[in-house]
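Please find the structures below.
Consider the two complexes below, in which chain A is the common component and chain B and chain C are the respective partners.
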Partner chain A sequence: MAERPEDLNLPNAVITRIIKEALPDGVNISKEARSAISRAASVFVLYATSCANNFAMKGKRKTLNAGDVLSAMEEMEFQRFMVPLKESLEVYRREQKGKKEARKDKDKKADSEEQDKSREEDNDDDDERMEEEEQNDEEEVDN
Partner chain B sequence: MAARLSENRLVSLPLSRIRVIMKSSPEVSSINQDALFLTAKATELFVQYLASYSYKHGRGKEKNALTYTDLSHTAEECETFQFLADILPKKILASKYLKMLEKEKRDGEVGEGHEEDEEEEEEDEAVGDSVGS
Partner chain C sequence: MAAAAAVPGPGSGSGPAEAAAGPGGEEAAGAGPQCPGPARLARLPLARVKALVKADPDVTLASQEAVFVLARATELFVETIAKDAYVYAQQGKRKTLQRKDLDNAIEAIDEFAFLEGTLD
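Moving on, here comes the complex of A and B:
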């Protein structure tokens, strides 16, 4: 896959919002600081991925899984992330499961006359589904 | 609970973008959906941690700001963030750099006139570099 330089950066607006949530109200964030944090975040992803991949390889797996990422966080000395990450993961899994089941039901209905209506979904849902389907095509589901 | 950000979404960073970055790593073949989510979430936590730590330990807060220098200090002084040291180098004022050069010259000097001239020329170029960058 060809990557343009900007694809390895994270969206400025989102990064800025995350930073603001971490700081007291009204603190000014210089453009330089924001840009630096954005770069740091990209480097963090790379470092975490590399570290997680080592764990996967140790387990003789080709697919990175949740456990690998959690192990990577410990290795990188971000133990403080473990509890919030595990909590979030639980919520995420529930949400994904709920979506899958909702989709199964919709598909059943789509066989009858409600095919058009079921397409009027939130864009968000579509995007996430597309992503999931993309994932399922390419990746083994390995847990 | 720290699970949700103020927007009430579980994660704000786009998973597709995170995935692109992860895949740019040559040894990685595939990424499970949960792993992708966790990486995105961990990155958000990381951004918050880096920002709040730097603000707390830096001097920017004297002016109610988070500055690049605060971040660069964190990378240098805190072990957990040392992997960022190369991409967050300390900055130096051109005037300080000039003084450093002059001092080095004085320290190394054994009193040769024309050598001094040569060094001065180099010095100008070096200053040009640092001011320009």
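Moving on, here comes the complex of A and C:
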């Protein structure tokens, strides 16, 4: 698979759609430009992650949280992202809460699953598996 | 509208269906009708974003929320850089965004300095 972090790509179709919606109708994008933007997006994630991790470490935490990412945005001078990101986070939290409650009802019978659910990181993997058909074995890899 | 279904509504009966369709909804939200405005669910698949996060050897764990915010931030970034690059295409009286427009934007705009030398 990917050898270097920068080779981990985000799906072309989604990137293209985002670009097209950002630009006026009738504007096109060359293949080279699109793939460069896709690569830039990967670099952005890597850089933002590193930045966010600094905040987590400062807070003596081992888990990156949403606040760390928001702080990273400010640090990277993308303050204009703050408001839309906070709003999206609100929506996401509400939705996650709804999902959790739905699952709790389903799982009332299976007690063992209750224990797993209390660990957010496990939940994370569960969700990922539901989201993506592709199996990311890397999820289990320890760094 | 998968996107609308994924956004909180009456929780009861549709719960389990949403749990299954929710993540699908995140992808479908890209394929189907979109909710306008910034407060939307991510279109980029969180698993891929998470793979990038895990590529950092200094990162131990990232919460689900952190990955989500990163995904949304990346989408905003893509929008921003596309628009900024387009200014240069317009200057060149072109309706097709080209690689050089991107290079120009990266050189000119401070926030994109971190990209220098990374796209080749």
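Assume the second predicted complex is superposed on the first by the 100 of 143 C-alpha atoms of A that agree within 3 Å, B and C clash if a C-alpha of one lies under 4 Å from a C-alpha of the other, contacts with A are read in each partner's own complex, and residues count from 1 in each chain.
Going forward, a residue touches a chain if its C-beta (ideal position, glycine included) is under 8 Å from a C-beta of that chain, and two chains touch if they have at least 3 such contacts.
Worth saying up front: this structure is predicted, and the values here are computed from it rather than measured.
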item: Partners on chain A (chain B, chain C) - clash or fit; value: clash
item: Chain B versus chain C as contact partner of A:Leu85, first or second or both or neither; value: both
item: Common interface positions of chain A, toward chain B and toward chain C; value: 8, 10-11, 14-15, 17-19, 21-23, 26-30, 32-33, 36-37, 39-50, 52-53, 57, 62-66, 68-70, 73, 76-78, 80-81, 83-85, 87-89, 91-93, 95-96, 131-132, 138-139, 141, 143
item: Parts of chain A lying in touch with chain B, wherever the complex brings them together; value: 1, 3, 7-8, 10-11, 14-15, 17-19, 21-23, 26-30, 32-33, 36-37, 39-50, 52-53, 57, 62-66, 68-70, 73, 76-78, 80-81, 83-85, 87-89, 91-93, 95-96, 131-132, 135, 138-143
item: Partner chain A, residues of chain B touching it in the complex; value: 1-3, 5-7, 10-18, 20-25, 27-39, 41-52, 55, 60-61, 63-68, 70-72, 79-80, 83-84, 87-88
item: Chain C-touching residues of chain A, taken from the complex the two chains share; value: 5-6, 8-11, 13-15, 17-19, 21-23, 26-30, 32-33, 36-37, 39-50, 52-53, 57, 62-66, 68-70, 73, 76-78, 80-81, 83-85, 87-99, 101-103, 105-106, 120-121, 123-124, 127-128, 130-132, 134, 136, 138-139, 141, 143
item: Chain A-facing residues of chain C, complex; value: 6-8, 11, 15-16, 18-20, 22-24, 26-27, 30, 38-70, 72-83, 85-86, 89, 95-99, 101-102, 106, 110-111, 114-115, 118-119
